[in-house]
Amino acid sequence: MTLMEKMVATDQPLLKVEGLTKRYGPRIGCLDVSFDLYPGEVLGIVGESGSGKSTLLSCLAGHQRADLGRIAYDGRDLLAMSETERRRLGRTDWAYVHQNPRDGLRMGVSAGGNVGERLMAVGARHYGEIRGKAADWLGRVEIAGDRIDDRPSAFSGGMQQRLQIARNLVTSPRLVFMDEPTGGLDVSVQARLLDLLRGLVRDMGLSVIIVTHDLAVVRLLAHRLMVMKDGRVVEQGLTDQVLDDPQHAYTQLLVSSVLQV
Amino acid sequence: MIRIESLSKSFTLHNQGSTVIPVMAGAALTVNPGECIGLTGQSGAGKSTLMRMVWGNYLAAEGSILVGETDVATAAPRQIIALRRDTLGYVSQFLRVVPRVPTLDVVAEPLLALGTPAPQARDRAADLLQRLNIPERLWSLSPTTFSGGEQQRVNIARGFAHAYPALLLDEPTASLDAANREVVLTLIEEAKARGAAILGIFHDEGARGRVCDRLVDVTGFTPKAAA
Amino acid sequence: MNDQSYNFAYLDEQTKRMIRRAILKGIAVPGYQVPFASREMPMPYGWGTGGVQVTAACLTPEDRLKVIDQGADDTTNAVSIRKFFQRTAGVAVTEKTTEATLIQTRHRIPETPLTEGQILVYQVPIPEPLRFLEPRETETRKMHELEEYGLMHVKLYEDIARHGQIATSYAYPVKVEGRYVMDPSPIPKFDNPKLTANPAIQLFGAGREQRIYALPPYTEVVSLDFDDHPFQASKAAHDCDLCGARDSYLDEVITDDAGGRMFVCSDTDFCASRRAAGHKGRLWAPEPEGVE
């Protein structure tokens, strides 16, 4: 099914979030967040430090438990799921790309082993096939094939990030969480990574939730945008609409603060 | 194909004393399949604003914008995305691209997004680039380094890659020489012939005269300025 | 201080009960690592305190004990531990596998097949098979709980990528009854096939790490591998130079400073029994006069 067909055919959201709230004692992590995410959509969540976007992401990905609200994945209540189920989801349907690739990779395992791990975790038992798939994916993220046996500690930051992406996407997940995936990378490397991500999103029909403070990244990657401030969603809509015709005071401030190069 | 009724818009600048700037009121127009409507009016009168509202880039305060069966003014984001993918095309004044992508792929993108097989999409892209006189040696380069005129032609090629039933053209012939202007106007005529509904902004009177069936002056939609 | 001041087998009765409870849990859930309150023993960590505690908890005065270290009854550690139990439990001891009721071993399984009613106690340094890939105890516990063993195959993958074959030659990981992945202690992978469907009770004790695990009789134990790199129980391609055995695990002994070497059965009792029965290897010679 093409991406377009996928997007139009489904009336069922892939992820349905209602009233998600997380507090840290008296402080608000995120408050009353609601949205739907459909297959093939990229949702950007922007905000400055302390906006609650990282809290929201970690609650959605199951790294933290929200205090209130509901999350339904493919119609299934996430918060009622057993940990086994949630962890299995995390290995198959879901993926999480960390800001620092070292958090998302096994530094002591070769690149091929890193990519192959998810396959082995779901039962792949043929060495030749696993290696073949790993090699294929290294090619897709533009890492030279002869580095398949090298450890990530020998890679540059950009390569490590691309390896992390390969490692996450090898089992064709449906939902990918990304936490500042281009943070800490050189500008030219960022461009390359964004281009790669766009292609993968389109070819694989991925749904992505990407958290970032960089408006240029969301403009290029995200279909829809949510702006957060002090734990609350202050505005959401089409990315280009929110950035070109911001309605909320904070969004207007954010947009006008971006340096034009 | 495109039907606008009672459309109004204002901007509220929260960070500048919450100034409210009304920019449009009671706008209405219809574009039928096979027609090209030209928007006229002075600079700043609201031509681009209206076009952006049809595209969904600007929000409407009141009114409706029907493109086919979808009311852009009230549609959910994913509906607008779907609309932009197969029904509504937009050639803006500026080319916005991801830095590294080769020109051929930039032009092929709308077709790839629709699921057209890559070789086919690229063939069509090559076809258009050739007609628009972009030399083949440039096709594998990113258009970010091209001249203004070349970028505009890449933009146009991308806009015409897929046969959109509805098309928005913002100054498509600006910064083009006579030969290329001719190509663009021919493209527009071909689109009309296959039944596309086109809404365009043309500063060039000659171009306007050639392709537009009707003209709509947006000055009529500008609210009377507050005292 | 005379030997009467020790409780039977050194440990007090309460400690033995605690260890037996752990053992029973281990038997009930084959391959699962049961935490236990490992005691300070009169030998340092790394010298078999886990195995000694398990043996102490199992011994009865009627038992006949055999202790081996790398297959041999006469190495320092085997001798020390055997003497320890002779002093503190007064049990009969033997070198013959067939006559022992309880065998404590370090890093080998006897060649002679075991029988129902025998207990084999393994000394284990690091009980956690995933430890070298995942240093966090919290994570490895979760992985066992949720049966997330992909990482184990990553280790084998790395071996093949680096050496062209699975290079792990001892402490080769196994899957028990299709559920838990277990480290069978640093026995050579040659011994792995002896783990499965064994009529004896197999107990594993790790003193420093404070874990006990077990394989009840006739448990299914499968060595991990890949479809296209199946497990192979390999050994040196020689026969024993003393008794001529073809299928026993061999020690390589350097005999001179000119590169001379010989291969002999690692299991001393097995080799001696074969020689007593008349089998002769390439370098067999009759025992000199005057030696028993």
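Per-chain numbering from 1; labels A, B and C assigned in written order.
Simple rule for what comes next: contacts are C-beta pairs under 8 Å (C-beta built on N, C-alpha and C of every residue); 3 or more make two chains touch, one makes a residue touch a chain.
Note that the coordinates shown come from a computational prediction; the quantities given were computed from them, not determined experimentally.
Novice: Taking all protein C-alpha atoms shown, work out their mean, then name the chain whose own C-alpha mean is nearest to it.
Specialist: A
Novice: Farthest chain from chain A, comparing Cα centres?
Specialist: C
Novice: Report the inter-chain centroid distance for chain A and chain B in whole angstrom, where each centroid is the mean of the CA atoms.
Specialist: 31
Novice: In whole angstrom, what separates the CA-based centres of chain A and chain C?
Specialist: From the centre of chain A to the centre of chain C is 47 Å.
Novice: Taking the mean of the C-alpha atoms as each chain's centre, how many Å separate chain B from chain C?
Specialist: So the centroids are 77 Å from each other.
Novice: Touching two or more other chains, which residues of chain C qualify?
Specialist: Touching at least two other chains: none.
Novice: Spell out the residues on chain A that touch chain C in their complex, using ranges where they run on.
Specialist: Counting only chain A, the residues touching chain C are 83-84, 87, 91, 106, 108-110, 112-113, 116-122, 125-128, 130-131, 148-149.
Novice: Touching chain B in the complex: which residues of chain A?
Specialist: Interface residues on chain A, with respect to chain B: 2-5, 7-8, 38, 41, 191-192, 194-195, 198, 202, 220, 223-224, 237-238, 240-241, 244-245, 247-249, 252-253, 256.
Novice: Hey, which residues of chain B end up touching chain A in the complex?
Specialist: My answer: residues 11-15, 52, 56-59, 77-78, 80-82, 85-86, 98-101, 112-115.
Novice: Can you list the residues on chain C that touch chain A in the complex?
Specialist: Against chain A, the touching part of chain C is residues 133, 142, 146, 148-151, 153-154, 157-158, 160-162, 226-229.
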